[in-house]
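Here chain A shows up in two complexes: once beside chain B, once beside chain C.
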Partner chain A sequence: MNAAPDAPDEAADPLRADIAIARAAVSATRAAPGVERLATSVLGGAATYGRGEVVRGVTVRHERGAVHLEVHVTMRIADAHDLRAAAEPVRASVRHAVEQLTARPVGRVDIAIDDVVFESEGA
Partner chain B sequence: MSELEQRDTQLPPEVEIRPTVTREADQARDLGRTTIADLVVAKIAGRATREVSGVHEIVTQGVGSAISGLAQRVTGGERSAQGVNVDVGEHEAAVDLRIVVDYGASIPQVADAIRRNVSSRVRAMTGLTVKEVNIDVVDLFTAEETVTSQPAVAPQRRVE
Partner chain C sequence: MNTLNRILVIIGDLIVLAALVSFVLLIVGVLVPETILPSPQLAASVRDRIPVTSPARVAAVAASAAVFFLGLVLLYYELRPGTAAERHVMVSDDADGRVTVSMEGLSELASREARTLPGVRAASSRITDGGRALHVAERVTVAPGANVPDVTRAVQAHVKEVVEHTMGRPVSEVRVHADVARPDQERPRRQLR
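Take a look at the complex of A and B:
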């Protein structure tokens, strides 16, 4: 029990840990400026699976001792604005939220812009 | 077996296998990368096209893209990208459009304006260089056509 002091929760139940990370990433994404919604595809899109629970639009993977995330978003953007720049606050927000949760540095946070909504279009 | 081994040993020594350095790894270190879906590029191009005066509409392409259009609808794609085909590479994109031009507009000028607007929008929003914008003008729109093609009287009464 005391053998893994760095990550007792994850060692105990990795599925629950991943779901918790994915949920934190989802709320952080929703709260980030410029995000219209998580891009969720019902048909086999990116998702994190836990015990009887699915969080869509986010995948969590562990590599070389760090947590890496991939977040799929639909961005809301004005014409001629830079999408790559718009993705940076999302990345920062997700990183911050997950680091708060796990108390460890997060590896890569990949942002996949799957769709866009233009600001002048209605919702 | 022995053949394979021989092949391996016969690799010229000057051939050096280097890991490919990707643009994403370059630009963002280990913080993560940003990917932009083809649908997004198509939407931006479609919108930039519709903004040009003289463009009446973008028409959906042939059977092949009708199928892909269906797939797009099923998977959550949206209308604004329909009729726009894009090929997106790592740094460049090619855009194919089929359009109907308003009668009276200069087709070369409309085409030129589309190319400029599509290139600048796609570049500004995605960072991709638009290598080519292929425009297929499939029809002209004349105001009279609406009158003749949309009769006010119900046309169903072929037989009684």
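Take a look at the complex of A and C:
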């Protein structure tokens, strides 16, 4: 997948590139069906750190030339829902968004469901 | 936080804690600068900066204690036994990545399902990952007059079915501790299945 024209230069500024990838992943996660919110705990939560900026809820790491992501979410699910099926649209959305941004292959996209809320309980 | 950042935070925190302890020991006079610093000039410079008046010493010790406490809190969060990954249960793991769910979220789901059953007044769950299968410990409060064996059997069957469907993984056992609620609010009798 080719990187978008406005994608940051990963070789020249990897920290800025990671922040851009994390932000794309956050936007894609929020847009995915079933996502109540990102898990953005300040203490001990997953985050991507740049120079003077931080994107919480998403971790970006690089292994063997590929970009791997870990996304922490609170999912809104129906009663007795299949969590694997609930997580698939999130993963697909994140993968697609990041592939538009980076020339590197997107490897594993881990989805950590930190909490669940139930549709029958309302917002 | 990635591993390198975590290591840097832990090392930095330990250095700050050691420096604060040394600083306090210098202030109260247990240590003298010349014994811990290699350079006489540096030791003299430190000696000049040690507060000499009582209020200044108290303020310095209080500030050091506050920073020390914050350092301990930070260290705790970095070193606590259950890492984020360990507090999650694996749902699936394949080439595309893994899906995990927090113990708390899954336990709440199991508790919620148990509470939907007739005769169950309250329920709380604890789920552990045994590797090949999940283990569920369910504590339920049964309504007075309900048949406890029937209720606990229903809880076992329903919770097992729901957790297996939700997680896509087998549940090897559902242990149910049943308390019988009493209208007079006395301590409930307990049965174990």
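Keep this in mind: the second predicted complex is superposed on the first by the 113 of 123 C-alpha atoms of A that agree within 3 Å, B and C clash if a C-alpha of one lies under 4 Å from a C-alpha of the other, contacts with A are read in each partner's own complex, and residues count from 1 in each chain.
Heads up, the rule we're going with is that a contact is a pair of C-beta atoms (placed from the backbone, for glycine too) under 8 Å apart; a residue touches a chain by one contact, two chains touch by 3 or more.
All of these numbers come straight from a predicted model, not from anything done at the bench.
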item	value
Side-by-side fit of chain B and chain C on chain A, or clash	clash
Touched partner set for A:His81, first chain B, second chain C, both or neither	both
Touching partner for A:Ala46 - first (chain B), second (chain C), both, neither	second
Touched partner set for A:Glu63, first chain B, second chain C, both or neither	neither
Stretch in clash, chain B with chain C, out of 62-70, 116-124 or 152-160	116-124
Chain C-contacting residues of chain A that also contact chain B	43, 68-69, 79-84, 87, 91, 95, 107-116, 118
For the chain A and chain C complex, residues of the former touching the latter	43-47, 49, 59, 61, 68-69, 79-84, 87, 91, 95, 107-116, 118
Residues of chain B touching chain A in the complex	30-37, 39-40, 43-44, 47, 74-78, 120-121, 124-127
Residue ranges of chain C in contact with chain A within the complex	1-2, 5, 77-78, 84, 88, 91-92, 95-102, 104-106, 108-109, 112-113, 162, 165-168
Parts of chain A lying in touch with chain B, wherever the complex brings them together	39, 41, 43, 68-69, 77, 79-84, 87, 91, 95, 107-116, 118
